[in-house]
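The same chain A turns up in both complexes below, where it pairs with chain B and then with chain C.
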Partner chain A sequence: MVAERNEVEAVAGTTARRPGRPATRRNRRGSRAERLAPFVLLAPAVLIIVVLRLWPLLLGVNFSFTGDGDRNGVPVGFDNYLTLFGDPLFRTALRNVGLLVLLLPVAVAIPGLLATFIYLRVPGHRVYRGVYFFPAVLSPVIVGAIFTLLLAYDGPLNTLLGGVGLGPVDWLGDPDVAIFAVVGVHVWATFGMALVVFLAGFAALDPSLLDAAKVDGASLPQTIRHVIVPALTRTIQFVFVTTMIGMLTSMFGLLFVMTGGGPEGSTYLPEYYIWVQQGQFNQPALASAAATALFLIMLVVGLAQIAVLRRAGRED
Partner chain B sequence: MKQRALWSAAVVLGLALASGCGSATAPGTSGSSGDKLVVWDWKSGDANVAAYLDKAKADFAKSHPDREVEFVAQPFDQYYTLLGAAIQANKGPDVMLFNGGGQLRDRVDALLPLDDHLAQDKQRLAGWDAFTKDGKTYAAPVTLQGHPLYYNKALYAQAGLNAEAPAKTWDDFVENCGVITEKTGAKCFGVGNKEGIGIQFFLSSIGSAVLTPQEYDDWIAGKRNWASPDVKRIFELWKQVNDSGLNNDGANSTAMFNDAFAVFQSGKAAHIIGLMSDIGHWKDFAEFLDADKVGVMGAPVVNPAATPSLPYDGGIGYAVAKWTKDPKVAADLVRSLTSSEALKAFYADAGAIASDTTIDVSEAGPAVATITAGIKTGKPALHVALSSKTIDLMGRLSQQLISGSVTVDEAVAQLADSDKAS
Partner chain C sequence: MAGRRWTRWLVAIPMVALALATVYPLVFTTNVAVKTRREYVLDRFSLADSLRWANVVEAWTSVGMSRYFVNSLIVVTCSVALLLLFGSMAGFSLARLRFRGSSVLFLGILAALFIPFQVIMVPLARIMADAGLVDTYPGLILAYVAQFLPFTVFLMTSYYSTVPPEIVDAARIDGNTVYGVYWRIMLPIGRPALLSVGVLNALFCWNDVLISLLMMPSAENRTLMVGVTSLRGQYSDDIPVFASGVLIAAIPVLVVYLFLQRQIADGVTAGATKG
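Entry: the complex of A and B
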């Protein structure tokens, strides 16, 4: 991570120097083309962002202020947003977003701990390194289908629980449990990627620090607390950001396969809500309003994370 | 430098232009042209309807030997999107397949009323209601879809019950279920309510045994009295059935398609409210249970004032676009597609209850015989009359009823509001 940053700075340094070249070397004929060159070179990227991203975004926001069905195309002001916040399903979806934010530390701690064990060379660490990454290459649909079978009421997990005398749990049918089951499966399916990032972070960790801790007689928890965590601060922050984005934007497949938003609508997330309103109820304008709301949430979460990262960057 | 600038400009222009293309809709490619009749559907690609189409084409060739017919199979998940684009452009297929109910009624502006052309078929075919709006018929039914109550005769025999005389009243039915569970370990109902579909089937199948004929007809006509004790009784029963352990465990996490059907097929439940055509029906069940062991019974009477009937609607049917050049010829093609010979092939190969009531189904086992016998007295299914929003809400409320987080009164009140709003 640190090495990467130095490289970035080095590159930035060279580009920064370029405009500093003596202006006298610029001849008159070349100057016009050279003045235009940056705009031409930037144009593809800017146009792609403006035409394919910002413009549709504005259209979508604009569309969210029009009506559905009989009121198709008619401006309706904030009606869609009022409907949205009056809809218990959408409120559940927002509540679940809050829940995901609360569960985030767990989702980051799991790959972090496992990566620590692999780094500390627990027996069989080579096998674990490969095995842990396996689920990351499976599509959410396949993962969802597998876990729907495993978590079925008469499925293997409940049989196992029954074997040790614990009552069956309706993992995907109990509204208080289902969202945790789905998030758990999502963490299982995606932690491999975070694990790899953590291992990369460990690769840059100075082993002499660990040796020193060992010589000083530090226990494992102490080593983690005082050596590993401080050395990996930036890695941990990076994993936090990517995990959060993953949770908010790529759980649709799992939800669709495992619960369909149920039971009792308890596993709705904003993106699932958008799909239902648009695809099932043919209410594209209401779906646009929900999409705008999701965009704002992502914006706030994203900006907050950038702020945290920036502050952490200054500490170094 | 200039060269490079030009290239960048060209690439940018290309990208900008390409961004507007690539939509899934290209209605012009398979629209009608000249003397050729174009038919859109989502079935003609399947091997099991080949015989049906051959028969229909042969029938059509008899009256119009020089007319060419082209069948274009569209993917079902995009079918109505593609059709919508064709309708918007006012050109597309001459004849098209529709699901009965809302899908057709939403698009009647683009369709030709067929009453004059199809008058002769009105008696022979059933399921017209699903293809009718404001008294005009827009399509001819091919299959029927409905919700018979299937039961496993082998489990009845194993429990020492008379499989040929299933219970007529609800109390006897519950009593029989108790005997079956005690003797065989099988549950009474296989039900899947993960998607909220279990309640739809339950409402439609048991509804005719609870509502009076007048209440039933009013419901279908749109005059739904949610406060009536009989309507409440249906939802009370739904809860009661689950609370008293008649359902398979974990109904709220069991998918109707196809986990609940698997519960019935594997003999873990004695009854299931299934479908008539396509899937989860007599043909699927017979593959596992043997055709002779699959029975169909009338809904056991809950309210003595009720007359149980088979709930069914038109499943799929062919309609004619209003832009077709020669409506008479297109209507003739629809008649060929619903001719007895063709529908017989559809029934035999695809495993669907065809709309033609004159087809001999005696070889397919007792279940089909009972279903077809019920078609004459059958009525449209209760849940089909509800809007998709109300159905979605009903799905969630039904899960809450099972888990106990809502009372029947609250659920019915919410449904009444939703029904009024839509």
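Entry: the complex of A and C
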């Protein structure tokens, strides 16, 4: 591959120095059609993205200010947003978003620490990456289905806990527990993704930094705090943002399979609320208001994270 | 020195435990899938007496998993082919052809990357319904292409940016048209990136449930993942058949993972290192 590339480069080097060919008629006609070539090559992608991603975004914001049912298409101002924030289910969904934001540092720290250990070559370091990464390729539906079995009230996890004398926990049936169970499963399924990103960051790390820390007699926590975290700021930033996006937009499959938003609506997230309003209750305008709210939440959380992390990065 | 070694082993213990926790759920499911219903009710953990494939056969035939499997296969194949074609065309154009407005277009595509599907789901459903594309293969394929195209274009653009521009110039001087350069030079050169992006897109499409639920309402058009969710209601009292269905849906992904793990990881990390 490399050899091949060098060869072509060498050829390019010689031909580029050759004076330009006289423009023949055929060449000139070709160049006219070819001036459009960059646009022709881009056309399918741009067309699809504009019509099926950017345009719907505007359409959705517009929908959110119109009514549902009898008032279909009628402008209703902020009515949908009032309904939305008056709905206990949506308020639960927002509270759960807050919970996710609080849990975010944990969800980032776990793969970060594991990647650090793998990088520092704990025994068996060659095996972990492949093992940890594998649940990340499974569909949330598969993961959710497997964990409904494992977390059932009469299921294996409770049997195991019973074996060491701990009472059974109604993992998916207790409104105070279910959201944590679902988030836990989500983290189980996705930490490998962040781990791989961290390892890629480590691969670009200058090893002499770590050697210097070792020579200075730094402990592991000191090394992490003063060497690894500052060197990986960009990677950490990336993982924070992608993990947050993942938590807000890729738990639908888990919720759909594991809890259906229950018990008592305690595991609702905005994305699930949108689906229920659109798919079950046929209230597209209300669903659009929820979608717009979700988009704003993501924008705010994303920008806030970048701001916070950038400041943290500067302090070091 | 000895102390260091000792802490290393101490760290290894939770890591091994975690590795087991990562693998165990699938092992458990596989074991359940080959058990009889009676065996499962009596003891969840015991190893199955023998490898019985009756449950798997039942899930495959009578529940309709075979049909869902074929649906998924058709949709994923077409979606990935279109994604790679459109993505590489756009990537080549953005990375290696000079024209006015290219950076604006690239930024627009990048912005689309940050629009989650849930946010545009409602209006998209209406657009698709107006176009008569709901409950059709082309409709679902188009929805997938739209969903994963920004990511594909982004990765192909950053890959093609690493290709020396002299290659394009040389091929042009040799008399190739721009399209010729794309077809004869850029597509073959792009193979490693196309493989990585292709595998990742195939996983995304295969694993999706939300887009499929929205675009394919009727039962006979279900994709495999939606099929698995319906399995749960049907077989809530026959867990081994349910587990078999889950296993059928997971096996293709596991096979792909075994052979293409590195390409998948490359695709995942490309955004972090190049973004």
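By our rule, the second predicted complex is superposed on the first by the 250 of 316 C-alpha atoms of A that agree within 3 Å, B and C clash if a C-alpha of one lies under 4 Å from a C-alpha of the other, contacts with A are read in each partner's own complex, and residues count from 1 in each chain.
Convention: contacts are C-beta pairs under 8 Å (C-beta built on N, C-alpha and C of every residue); 3 or more make two chains touch, one makes a residue touch a chain.
Please read these numbers as outputs of a predicted model, since none were measured by experiment.
*Asks:* Kindly classify A:171 by the partners it touches after superposition: chain B alone (first), chain C alone (second), both, or neither?
*Replies:* So A:171 only meets chain B here.
*Asks:* With the two structures laid over each other on chain A, which partner does A:41 touch: chain B (first), chain C (second), both, or neither?
*Replies:* So A:41 meets both chain B and chain C here.
*Asks:* Once the structures are superposed on A, label A:150 by its partner contacts, choosing first (chain B), second (chain C), both or neither.
*Replies:* Second partner only, chain C.
*Asks:* Tell me the contact category for A:280 with respect to chain B and chain C: first, second, both or neither.
*Replies:* Only chain B; A:280 stays clear of chain C.
*Asks:* May I ask you to name which of chain B and chain C touches more residues of chain A?
*Replies:* It is C that touches the greater number of chain A residues.
*Asks:* Does chain B (first) or chain C (second) touch A:102, or do both, or does neither?
*Replies:* Neither partner.
*Asks:* Thinking of the overlay built on chain A, is A:215 touched by chain B (first), by chain C (second), by both, or by neither?
*Replies:* neither
*Asks:* Once the structures are superposed on A, label A:262 by its partner contacts, choosing first (chain B), second (chain C), both or neither.
*Replies:* So A:262 only meets chain B here.
*Asks:* Under the contact rule defined above, give the chain A residues that sit at the interface with chain B and also at the interface with chain C.
*Replies:* 30, 34, 37, 41, 44, 48, 51-52, 148
*Asks:* Which of the residues in chain C end up touching chain A in this complex?
*Replies:* 7-9, 11-12, 15-16, 18-19, 21-23, 25-26, 28-29, 32, 44-45, 85-87, 89-90, 92-94, 97-99, 102, 105, 108-109, 111-112, 114-127, 142-143, 145-147, 149-150, 153, 164, 166-167, 169-170, 173-174, 177-179, 182, 203, 206-210, 213-214, 225, 228-229, 231-232, 239, 242-243, 246, 249-250, 253-254, 256-257, 261, 264-265, 268-269, 271-273, 275
*Asks:* Please name which positions on chain A make contact with chain C in the complex.
*Replies:* The contact residues of chain A facing chain C are 5, 8-9, 11-13, 15-16, 18, 21, 30, 34, 37-39, 41-42, 44-46, 48-57, 59-60, 63, 114, 117, 120-124, 127-128, 130-143, 145-150, 155-156, 159, 188, 192-193, 196-197, 199-201, 204, 220, 234-235, 238-239, 242, 245, 248-249, 252-253, 256-257, 270-271, 274-275, 278-279, 284, 287-288, 291-292, 294-295, 298, 302.
*Asks:* So in the complex, the part of chain A that touches chain B is made up of which residues?
*Replies:* By the definition above, chain A touches chain B via 30, 33-34, 36-37, 40-41, 43-44, 47-48, 51-52, 148, 151-154, 168, 170-175, 178, 259-260, 262-265, 276, 280-281.
*Asks:* Can you list the residues on chain B that touch chain A in the complex?
*Replies:* Against chain A, the touching part of chain B is residues 1-2, 4-5, 8-9, 11-12, 15-16, 19, 194-196, 249-255, 259, 388-389, 392, 395-396, 399-400, 403, 405.
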